[in-house]
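Pasting the structures in now, so scroll down.
Here chain A shows up in two complexes: once beside chain B, once beside chain C.
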Partner chain A sequence: MKWSRIPVAVRYALLVAAIVLIWQAYVTFSHVNKLLVSSPVDVAVALAGDLRSGQLVSVTLATLKNLVIGMIVGALVGFALASFAVFSKVGHDLLSVLSAIFNPLPSIAILPLAMIWFGLKPESIIFVVALASVWPVAINTDTGFRTISPTTQLAARNLGLRGWRLVIDILLPAALPSIITGLKSSWAFGWRTVVAAELVFGVAGSAGGLGWYINNARYFLQTSTIFAGLVVISVLGILVEAIFGIVERNTVVKWGMKRSG
Partner chain B sequence: MTLRRTFLSIVAALAITGLAAGPVPAASDAPPTVTIAYQPGIGYATLTIIKQLGTLEKRFPGTKFDWRVLSNGDAIRDGIIAGQIQIGAGGNGPFLIGWDRGVGYKLIAPMNVMNLWMVARADEPNIRSIKDIPANAKIGMPSPDAVQAIALRKAAQETFGDAHKFDTNIVAIQHPLGVQALAAKQLELHMSSPPFQQQEVEAGGHVVFRSFLAFGRSTFNCVYTTETFANQYPVFVRTLFDDMRNATEMLKKDPDQAAALLSKDTDGKTPAARFKGWITGPDVSWDMTPHAFLRTAAFMKEIGFLSKVPANIRELELPYLKGVGD
Partner chain C sequence: MRQGETFVIIGPSGCGKTTLLKAIAGFLRPARGRLLVEGSPAREPGPDRAVVFQDFDQLFAWRTVRDNIVYALRVACRVHGAAAGKRADDVLALVDITRAADRYPHELSGGMKQRAAIARALALEPTMLLMDEPFGALDAITRNQLQIELANIHRRTGVTIVLVTHSIQEALYLGDRVMVMTAHPARIREIVDTSAARDVETAEFAALTGRLRELLVHREEDDAGEPPDAALA
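== the complex of A and B ==
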């Protein structure tokens, strides 16, 4: 049978099943140290146990809370910077300079500084997440604004729209494909940053987030729990990608601004 | 790609992983390389002295030595599991968890007995005992399974009937950074070890809790290695054990020389006089007999940190200690 003739969902499911089977077979037959690699069965047991006790739910919510607050702050600052850049030459130069300086800087590198500024509190994590998400949003939104056809802009100005009305009614919808791209990459940066920050940070307890959960399991040599945390991080990543897909289908794809798939 | 070819490649991948395990090398006297990992603080003075005297390097000239300072016992334990560290040193908490989970290491010998202080910040005068710790206070400790954390849980169980009362207050932080964080008011409390606890009290902090209250006089740090390494290089491990005994004797009987060596290890940044004060301090004793391992393990089992307890101290020891201690 040809692989490509099988429906896509079945193809993916088969591959996932094959990977899990190889993983289980490797752990069962290779006699690998259980402290180094857990079997899928052990991981499922750890996952189920911590879901039932509520610990995994509360650490996941803690991570998402830090991430969402950080991303909202980052996106708002990013929009503001991009809007300022559209309206004035100074704003444009400012965005160029700031993004040239900060964009190449992995924002997790700012964490030690954030810890001195904000202390061992969630504020430090939110700060680095915000810093990670500002630049993708700002740069992509700016590109989106700049690639709007002059006809659209002139028509809007002719209608007497200016200032914030121009941004909200014309520029934002017209630049939406770029803005969604920006938000997607800001999510990708933010998600990696929040987990990394929680790993470093080590504030214990339910407020510690998924990174803390993984690190804590390492302290207690619960390898299957480490894997369980990684599974949750990965599944959440897939879910958010899917949500972005739905948003795109109902806006920019529907409006004919971007092709589906 | 057809399904048949996919399955063939999976079978091939499995076959390759099966071949990865190599033959076991024969026993010999000197290992080609040894990484000895310990932690900051005078709790590791025994090893620092051996390092400064260079006795192991003289006895095993063909061996490449790497002395490494890591920030907590868990990192050292992880290094042993990964095969990058041969000789490790740390507190009894992470050691017991590793023993329980099957890391396959045992004690060469303990190094000392130390009373560890939980120090509250100078501007927190109302925190006089663990009963006064506010719900949102942050307590710095090297890790959530460190000796300090186990002792606090024992006290929490005795005082409040809840061993996990302070679990959400614990912040994992290495000792030197914890001293800074306490000074910068990022932590309300910090439980570390000598000399950090003394430095915090000198800076105006006050002692809220002492680890001896939990399990009595107990071993702080010990040196361990895997049974595999001990069986493969018995002469090397025996020599290390004898060197540890000599260093312990020096710390007890000739603190001046010991302090001079410790000062030399810091390139003279910390004067020998200060080291002498710390190593002869009232809450510090140099003792290679295991103390309170069994009591500590029983409590750790009770609160779910261990799945089993050693029936006797021999289960934790390599043959050098000959079953002494508890």
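== the complex of A and C ==
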């Protein structure tokens, strides 16, 4: 049977199964130290145990909470900056200057400063996540607003649309492909930042999230628990990508503003 | 401009015909002079002067054809609910795209998109319909078909149409009067009554085609004649 004729979901599942099998075979037959590499079975046991005890669920929720709050704050500030940039020259220059300064700066580098300002609290993590997500949203939304077809805008003005009504009814949907791109990129930055920040943080107890969970397992040399944390991070990433895919298919792809792919 | 007529503006690129249309629509202000719409200066853009553009982007891609019309009615004419739906269905039938009503613009052919744009403009019941090379991006066959249908729509609705084009054939076929503009300097060369020429086969049509071509091609000698008054009423 030809590989390309198999349905895509089955193809991916087969590859994942193959990787897991090779991994298991390596651990079983190489007699590698189990403190260095856990087998998939051990990881599954650790995962199941911590899911059942509720610990993994609560740390995951803590991470997601920090991420979502940070991203909402970042996205709102990003939208505001982009809107300001579209309506005034000062705003445009301000966005250029701010994004030139802050965009190359890994926002995790701000964490020590945030810890001094906010203390060892979730606020510090939320701050760095917001800082990581504001620039992709601002830059992409600004690009989106700027590349709206002039004819679309003339048609809207012909209907007598102006001000906020014009922004919400016309500019936002017309710029949606870029806005979604910005949100995706801000999620990617935010997700990496939140885990990294929690790893550095390490002391906030079970409210510390997945990064803390992994770091804590390291203290106790529970290698399979470390792997379990990494699996959760990866799976959540895949899930969020899938959600973005669904959103795109039901909006910009359906409207012919972006090709599916 | 007379009520109910089709007034065509024709001229070479860069003569300002689109600029003039945009000024009537209220997108631009005249640098000098006055531009009168129904006896008062042209105001901010509004649905009383509905515009059909050449570019397909004039339809809102995130709304279906029918939604484009219902939305336009809601924001421009404050017509809501069932009344808006009824009027949308009427104009969709008028331009013969009822079967595409629930499709998104990107799913339509160029000709269908222009029909949808014309439907949306007509739904607003404008005092004048401004058309900026509406069939310029269409293939010759679709273009001819839409010209015939636009003439029919004009006959049935009696709406005043201002049409910008660079096609002599289109100008004569659709126009009651044709205003010829020249570039460098942008001037109104002459306004020709073309209501006699309708049928492409007739001698009048051929004669007026020649006359318009001559006006368009031959550069005006630098005569000191006053440019005609640009006031449109």
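One rule holds in what follows: the second predicted complex is superposed on the first by the 258 of 261 C-alpha atoms of A that agree within 3 Å, B and C clash if a C-alpha of one lies under 4 Å from a C-alpha of the other, contacts with A are read in each partner's own complex, and residues count from 1 in each chain.
In this section, contacts are C-beta pairs under 8 Å (C-beta built on N, C-alpha and C of every residue); 3 or more make two chains touch, one makes a residue touch a chain.
Remember, predicted model here, so these are calculated numbers, not experimental data.
In the superposed model, A:N216 makes contact with chain B only, not with chain C. Considering which of chain B and chain C touches more of chain A, the answer is B. In the superposition on chain A, contact is made by A:L36 with chain B only, not with chain C.
Shared-chain residue A:W3: touches chain B; no touch with chain C.
Put simply, chain A touches chain C in their complex at residues 149, 151-152, 154-161, 165, 169-170, 173-174, 176, 251, 254-257. Taken in their complex, chain C has these residues touching chain A: 25, 27, 44-47, 49-51, 53, 55, 57-62, 71-72, 75-76, 104-107, 124. Of all residues in chain B, those touching chain A in their complex are 1-3, 6, 10, 13-14, 17-18, 20-21, 74, 77-78, 81, 94, 97-98, 101-103, 138, 143-145, 167-173, 181, 184-187, 305. Listed in rising order, the residues of chain A touching chain B in the complex are 1-3, 18, 22, 25-26, 29-31, 33-36, 115-116, 119-120, 202-207, 215-216, 218-221.
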